[in-house]
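Scrolling down, you'll hit the structures one after another.
Both complexes shown next keep chain A, but they swap its partner, so chain B is in the first and chain C is in the second.
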Partner chain A sequence: MNSWSSFPIGEHLFLFSPMIALIATMLVIVGAPLVAGRGSRTIAGVAVMGIAAGLVLSIRVAMHVGRGTSGFSLQPAAGLLIVDSVSAAFQIILFLFLAAVTYLWWIGSVETESNAPEFFILLLGSAFGMALMVSSTNLLGIVVAIETASLPSYALVGFDKRDRVAAEASLKYMIFGAVSAAIMLYGASLLYGLVGSLSVVDLAHYSITKFADGPPLLLIVGLLCFMAGIAFKISAVPMHFWCPDAFEGAKIEVTTWLSVVSKAAGLILLARLVSIFSGIIDSPRAMSILGPLAWALGLMAAVTCTVGNFAAYKQVSVKRMLAYSSIAHAGYMMMAATAFLHPATNQYATPASALLIYIVIYLFMNLGAFGVTAMIVWHEGNDRIDSFTGLIRRAPWLAVPMVICLVSLVGLPPLAGFLGKWWILLVLGSTGTPLAWILITVLAINTLISLYFYMRLVVVMTLRDDGRPEVKCPIGGVALVNACAAMLLIMFFFAQPMRAAADRYANSFYSTSSAKITQGDAPASTSIQSLSVSDSDDTLFPIYVQRIPPTQEHR
Partner chain B sequence: MTIGLTHYLVVAAVLFCGGLFTMMTKRNAVGILIGVELVLTSSILNFVAFDRYLGKGRVDGQITGLFIIVLAAAEAAIAVAICINVYKNLSTVDVDRATRLQG
Partner chain C sequence: MDHILSWTVFVPAIGALLCLFAPKRKIRGVAVITTVVALLLSLTLFKTFLGNGHDPSSVFGQRYGTLHHVERAPWIEVPGKFTIEYFLGIDGLGFPLFVLTTFVSFLACLASWNFDHWKNNKGERAYYILFLLLETGMLGVFVSLDFFLFYIFWEVMLLPMYFLIGVWGGPRKEYAAIKFFLFTLAGSVLMLVALVAMYFYSATAIEQAGGLVASVYRHGVNITHGTFDLIELATNPAIQASFASKTTLFLGYPIAPIMFMFLFIGFAIKLPSVPVHTWLPDAHVEAPTPISMILAGVLLKMGGYGFLRVCYPIFPEGGKYWAFTLATVGVVSILYGALCAMAQSDFKKLVAYSSVSHMGYVLLGIAVMTDTGFQGAMFQMIAHGVSSPMCFFLVGVIYDRAHHREINRFGGLWLTMPRYGTLATIGFFASLGLPGMCGFIGELWVLIGTFQAGAKYTWAYPMAILAASGVILTAGYILWLIRRVYLGKEREEYADYSDADPRETLILIPMAALCIAMGVLPMQTVFNYTNGTLNQVLAHVTGGQ
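What follows is the complex of A and B.
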C-alpha cells in the first residue's frame, strides 16, 4: 500500500518553488560571506539573483494555476496550505516589491552598510512568512506564517544598532507583536478545544451550529483572541500602536516594505478567513453568526480608519503621517471585508474583487509616496514636512509623482485611488444593510478629513518656497516613483480590463477559499484524492488535492 | 479524585491570567516577555490537554505544542537581542522611558 505513488510530488514542489527559491537564497546568503566576503555589493547581487529566480518561478506558477486545467488547490478542509491564483499573483507582487525595496536599499545604504548579509536574510525571511500568510487556511499555519513574517521584521526595524530611535521602535514593535501572538495562540488553543480541529473550515461550520443556540461565550473569546494577531498584522485598532512608531524609527526602505507588502499579506489573509466564513452562508442559520461577525468587523473598520485619519492630522513627520494614513487604508479595506458576510453579495465574489483591486492600488500609491519620502530623507537627513517645502521647484520629477500619489491616497479622480474607494462603496451599497450605510457614511466623512492632511503636504510642496537648494536624487529612484505614479493613471483609464481581471481572480479565490465545496460530497466536477500516508482518517494533517475546473464564467 | 480535562484547563487559565497581568503591569521589557512566555505555556498546556481528552489518536495539538515551543524560543532570541540593543542605546529596558517616539 503505497499511497505516495499517486502523489504528484513534482507538481507540489513546482507550486511551492517561489518559496523554495526564497529559502535557497537565504541559505546562499548565509554561506556567501565565507566564499566571497561580506561586501554589500556582492551580497546584494546574490539576493537580486535569488529574487529574479523567484520572480520567474512565481510567474510560471501563476500561469500554471491560472490556466485552470491543471491548477489545483490544497483543499481548505484539511490542508495546511492553498495555492490558488490569488496567492500566485501575490507572490509575483511580493518579488517585484522585494526588488523595489532592494533597489531603495542599494541607493540608500550600499556604501555605508556593513551587515548586508544579515539584512537580506531578515528581509527574505519576512518575505517567506508573507508568502505563507496568503496561503494558510489552518490555525497553526496562520500562526506560524504570522510569526515567520513578524520576527525578522522586529530585527529589521532595529537594524541600525547605533540609532536610538530605531532601537526604541523595534522594542515597541517587538513587545506588541509578542503580546498579540501570545494572545492569538491562546485563542487558537481554545478554538482547537471547542472545534476539535485546527482547520478554519471546521471552525466556520462549528460556529454556525453554536451561534444558532445563543451566543457561546467561550467561542467568542476564542475568536476575539485569535483576531488580535491578525489585527496586529494589519494594524487595526486597537492593535495599531506599534505602526507609527515602527514606521518612524525604521530605515525608510524597511518602512516601505512593512507598510506595503506586509499589510497586503495580512489583508489577503483576513479576506481568506472571512470568505471561508461566508462560504457557509447557504445554511439557513448562517445569519446568526455572520450578522454579529459583520458588525464586529465593521465597527473595527470604522474605528480604525477614523483613528488613523484623526491622528494623521497633526503629524509633522511625513513617515508618521503616512503610517497613520496606512492605518486608515487598512480600515477601508476591512470595510470591503465586511461585505463578504452578506448573502446579497456573497455569491458574486464582488467584495473579493473590490478588495483585491484596492490592495493592488494601495501597493502602488504607498510605494510611490514612500519612495519620494526616501529620497527627501537621504537628501535632507530628516522627514519633517518642512523638508518638502518648494519641492516643485527643487525637484519637479519628485514633486509631481508625490502629488499624484497623495491625491490618489485621498481617493480623487482621475486616479486609481478613486476607483478603489468607489468599488468599495458600490459593494457596500449593494448589500443595503444598516451596517453598510453606516460604513459608507464613515468612509465619506473620513475621505473629507484625509483631504486636509494630504493636501497640507501638497500645498507645502507646490505653493510655499523658502529658497532651499535643489534636491539631487538618483535617476533610478526618480524612475521608480514616476513608474508608480504612471501606474495609478493607467489603472484609472483601464478600469474595465482591470475590473475583469480582478473578477477572474476573485472567482477563483472564492471557489478555493469557500467552504461550500466541503459540504456533503464533493461536486462532480472536482475530483478529490485523499493522500494520507497510512490510509486512516486520523493521520496528521492529511493533504487533499482538488483539481478545480477551468476558470468559471464570471457571473 | 481523578484529574480530568477541567483541571488542566483551570491551570492553563490561571497561567494565562497571570501572564496577562504580568504583561499589563510590568514596565520592564524583560518582565513583559516573561508574561508572554507564561501565556504561550498556557496555550501549549491547553493544546496538549485537549489532545489527550478529546479522543484517541489525536496528534494535531501535540504537534502544535511543539511548534509553539520553537516559536517561543525564536521569539525569545529576537526579543532578548532587541532588549540588549535597547539597553546599549538607552541604558534602560523600561518601556515607559522609551519616549522618543510619540504622537
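What follows is the complex of A and C.
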C-alpha cells in the first residue's frame, strides 16, 4: 500500500520505525542541552514529540502488519527479530503508557527535576529495550533485549542519588538482574551447545528431532535457566524479591512505569517463546517436552500469584502493596501462557488475545491506582497506608477512582478487571487439561485471597477518618485517574468490540498458525536449514523477511 | 418482545443516576419514587400469571422452560464458537421473588427515611445511590437466565452491600462488612469455576453428539456449541446425558456431584446454612435497619433460588448424590439456629439466628426432592421474605428510641406502645409459624414433604421428626422473647416512648397484612404462581417418577 514500503529495505525501516523513533528521540535529547539548555520543560517537550511520533508510527505499523493490508508479514524463521501484530500492538500500548508516565512526571516533577535529560534518556532507553523484547526470537537477542530494558531501569530506580532508600533499591535490583542475566546466559549456552543454534525456532524443532530417546535432562535444565531471566523480568516467584524493594524505593513515576509495561513485555516474550515451542505440538514426542514445560510454567504461575497475594497482606507501604499485587497479576497472566502448550487453544479465546486484553486492562487499573498514590505521596510526603485515611472526605475525586481501580484489581464485575480474568479462565478452560482446571481453581481462590488486602486500603479510605486536612491535588492528575476509572467501567460494557480487536491482533501471533513446524526429521521450512549454524557468520543474526501470500493472511 | 423486565431491573440504576445529580433535599424523594416505580412495574407482571384464569398449563407450559417477557440479545460473542447473551425471562421460580424484591426494597427505602446519619449530614447521596444499585443487582439475579449474566448481577450486589454495612453500620461494622464480603466472594469464586466448567463440558457434550443438537425448549433453534443458557443446560438432552454420566470426569471425579457441590457451597453461603452461616449474625446486627431488611428479605433468598434454578435442574444427579448430606445440613441449621437464637440476649441477633433456622427448612425441603417439599421451600422463602424484614424493622423501631437492643432490659412495651406492640406480635407470630400465618404453611409443607420422601429415603423419617421438633424450639424462643420485651409490667424508663408513628405504621401494615393473607390464602398468594414451574423442575430432577 505504501509506495515506500514496497522495497525490502524500506519495509524494514518502516516496520522498525517506532523503535527508530525512540532512538532518534534519545539522540535529540542528548544533543538538546547543548542548544536549548537543560530545562525540564524543553526536554519533556522533545520527549513528548518523540513519543507522539512513535505512537503514530506504531499505529501505522500495526495497521500494516496486524490487519495484513499489504499481505505480508515478517517471518523470523531463524532470525533475530520479528514484527508481528502482537509486537505492534504492544508498541502502541508502550507509547501510550510512555505518554501517561511522562504526563505523571510533568504533574509531579517538572518543577523540581534538575536532571530531566538523563531521566528521559533512561526512560526511553528502557522503552526501547522492551520494544526489542517483544520482537526477539533468538536466544542471544533475547538476552540483549532484556539487558537493554533492565540497565536503564536500574538507574531509573536509583535516580535520586540523595535518596538512600532508592540507592539501596537500585543496588538490589541490579544485583538480582545481574545474577538472573548470568543464569539466563548460562541456560542459553547450554541450549546452544545441545542443539547448535541460537534460534528459538530451531531450538523447538531440534529438541524433538535431535534426540531419539526424548529430550535430555540438560535441555530441560537449560530451558529453565533461560526462563529464569524472563521470570526476573516479570517478577515471577522465585525471582520476585527485587520487585517490592525497587517499587518502594523508586520515584512513583518510575514505579508506575516498571509495574505495567516492563512486565507486559516480559509476558509477551514468554508467550512468544512458549508459542513457538507449541509449533512442535503435532510431533509424536512433543508432549515429552511440552508437558514438563507446561507444568513448570503452571506451577510457577500458581505459586507466583499465591505468594504475591499473601505477601501483600501485611504491607504498610501502598507502593509495596501494589508491588506484590503486580506480582500476583503477573502470575495470572502467566497462566494464559501455559495454554499455548495445548492444541485446542485457538478455539474459544486465543491465549495471545487474552493476554493482550489483560495487559490493556491492567494498564488502566495500575495507572489509576498509582496515579492516586502519586498524588497522596506528593501531598503527604509518604505512601504509608495511614496517609489514605478518610480520603473519601478529603478528596472524593481521588477516593472514588481508587476504589474502582482496587475493586477492578480484585476482579469483580462490573469492572474490566473481571473481564481480564474471565478471558484467562476461558483460555484455560478451553484446553480442558487437569492442569488447566487446577489453575482455574487457583486463580479463582486467589481472587478471594486478594480481596482482603485491596479492601484494607478501601476500608482506610472510606470507613475511617481521623480528621486530616483535605488533599490539594493537581487537576490534571485528578483527570487522569478518573479517566482510568471511567475506562474500567466502559471497557466492561464494551467487552465485545475489545475482544474483537484483540482477536484481530492475536490471530497473526507468530507460530500459532503461520509457522507450525511439522513432524519428521527434516526441518519443515527451508529457511531453517539455510540459517543453521553451519552458515557463514553474517547470517547468524539476520533479520529475516519472508512474504506470505495474501490468502494465508486472515481476512 | 416487551422490555418490562429490563425496565424494572434498570429503573433503580436510573434512579441512582438521578440521585447523583438531584439537589440535596430531593434525594430521598427521588429514591422512594424510584422504588415505587420499580414496585409498580413488577406488579404488572401479575397480569401474566393471573390473566389466564386457573389453567396452569397456559402459564407454565408443559415442561420446564416456559418463560414470559423474554428478552434476549447476544452480548459478547465469538461467532460460531462462543456466545454470552443478555437473556432475561421470568417463570414461576423468579416471579414471586422478583416481586418480593421490589416490595421489600420499597419498604426498606421508606425505612431509611429518617436515619440519624442524615441529621449530621453523613453521605445521604452515597447511601441512596448504593441502595438503588443494590436493588438493580438483586432484581437482575432473579430474572437473568444466562449464567454469565446471573453471575455479573450476583457480584454487582457485593460492593454496594459492603459499603452499606461498612459505612452506615453499627460499632463493629468494619469487621461485619469484610466478613460478609469474604464469605460471599468465597462462594462466588466456586461458582465462577462451575461457570467455566459448565460451559466447556456442555461444549464437549454437544461436540460428542455430532456438533448440532436441537434445543428442546426453543423451537427451531439448534445448539452448535457450549452455552451459558441456564434453561438450555437443564433441558438439552445431549448436555443432560453428558452431565449425568459417571464417565464425564472433572479432575478424576464424576462431574455432577463435584459441580453440584461447588454451586451448592456458593448458594449455601448466601442462604446461609450452618457451617458457613457465621457472617450472617454479624452482618445483620451491624447493618442499619433497612439493610438488615434487605439482607433478610431478599439476599438470603438468592441462595434458595440458586438451588432451584441452577443446582437441581442442571445437575439432578448431584442432587440425588448429596441428598442425605444436604438434608442433614438443613436439619442441623434448623436446630442449631433455633438453639442459638434462644441463647441470644441481643434482640437483633436473635432475629438473625432465627433466619438461619428458618432457612434450614428451605434447604431441607429442597434436599428431599418431593413436590410438597419443593413447594414448601418456595413458600417458606416468600414467607420469611415478608416476616423477617418485618421483625428487623420492629427491632429497628425500638432501637431508634432506646438505643440499645438488650432483650432483658425491655419489658411491658405493649402497654407503652399499643399499636407497635400489636403489629410486633403479628410479625413474631408469623415468624413463629402460628397456624393462620405465613410461617406455618411453609414449615408444614416442608415437614410433609420430608415425610413423603421417606418412601425413597428411609433417613427422611428421623429427619422429619427432628425438623418438627425445631418448630417447638422456635415457639420457645419467640414466646420467651415476646414475654420479655412486650409483656409484663410497664417500665418507667420506656414510659414516655411514643407509639409507632404514621411512617412506621405504613411500613409495618403491608407486611402484617401479607403475613396473614399468605397464611390464610396460600394458593392465591403464592402457590398458584409457583407450583407449575416447581413441579416441572421436580419432574425433571426425579425423571418424572
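Going forward, the second predicted complex is superposed on the first by the 493 of 555 C-alpha atoms of A that agree within 3 Å, B and C clash if a C-alpha of one lies under 4 Å from a C-alpha of the other, contacts with A are read in each partner's own complex, and residues count from 1 in each chain.
Basically, contacts are C-beta pairs under 8 Å (C-beta built on N, C-alpha and C of every residue); 3 or more make two chains touch, one makes a residue touch a chain.
Values in this document were obtained by computation on a predicted structure and should not be read as measured data.
Of the two partner chains placed around the shared chain by superposition, chain C is the only one that A:L448 touches, whereas chain B remains out of contact. Looking at the shared chain after the overlay, A:R499 reaches chain C, while chain B stays out of its contact range. By the touch criterion defined above, A:I175 reaches chain B but does not reach chain C.
By the touch criterion defined above, A:G432 reaches chain C but does not reach chain B. Judged by the touch definition given at the top, the superposed model places A:G476 against neither chain B nor chain C.
Once the two complexes are laid over each other on the shared chain, residue contacts for A:P215 go to neither chain B nor chain C.
Of the two partners chain B and chain C, it is B that touches the larger number of chain A residues. Of the two partner chains placed by superposition, only chain C is touched by A:V407; chain B is not. If you check the complex, the residues on chain B that touch chain A are 9, 12, 16, 19-20, 23, 29, 32-33, 35-36, 39-40, 42-44, 46-47, 49-50, 54-55, 57-61, 63-64, 67-68, 71, 74-75, 78-79, 81-83, 85-86, 88-90, 93, 95, 98, 100-101, 103.
Taken together, the chain A residues at the contact with chain C in this complex read 347-349, 407, 412-414, 418, 425-426, 428-430, 432, 434, 437-438, 440-441, 444-445, 447-448, 451-452, 455, 459, 462-463, 495-496, 499, 503. The touching residues of chain A, counted against chain B in their complex, run 140, 143-144, 147, 151, 154-155, 158, 161-165, 167-172, 174-175, 178-179, 181-183, 185-186, 188-190, 192-193, 196-198, 244-245, 248-249, 311, 314-315, 320, 538, 540-541.
By the touch criterion stated above, chain C contacts chain A in their complex at residues 75-78, 81-82, 151-152, 155-156, 158-159, 162-163, 166-167, 173-174, 177-178, 181-182, 185-186, 189-190, 192-193, 196-197, 199-200, 204, 250-252.
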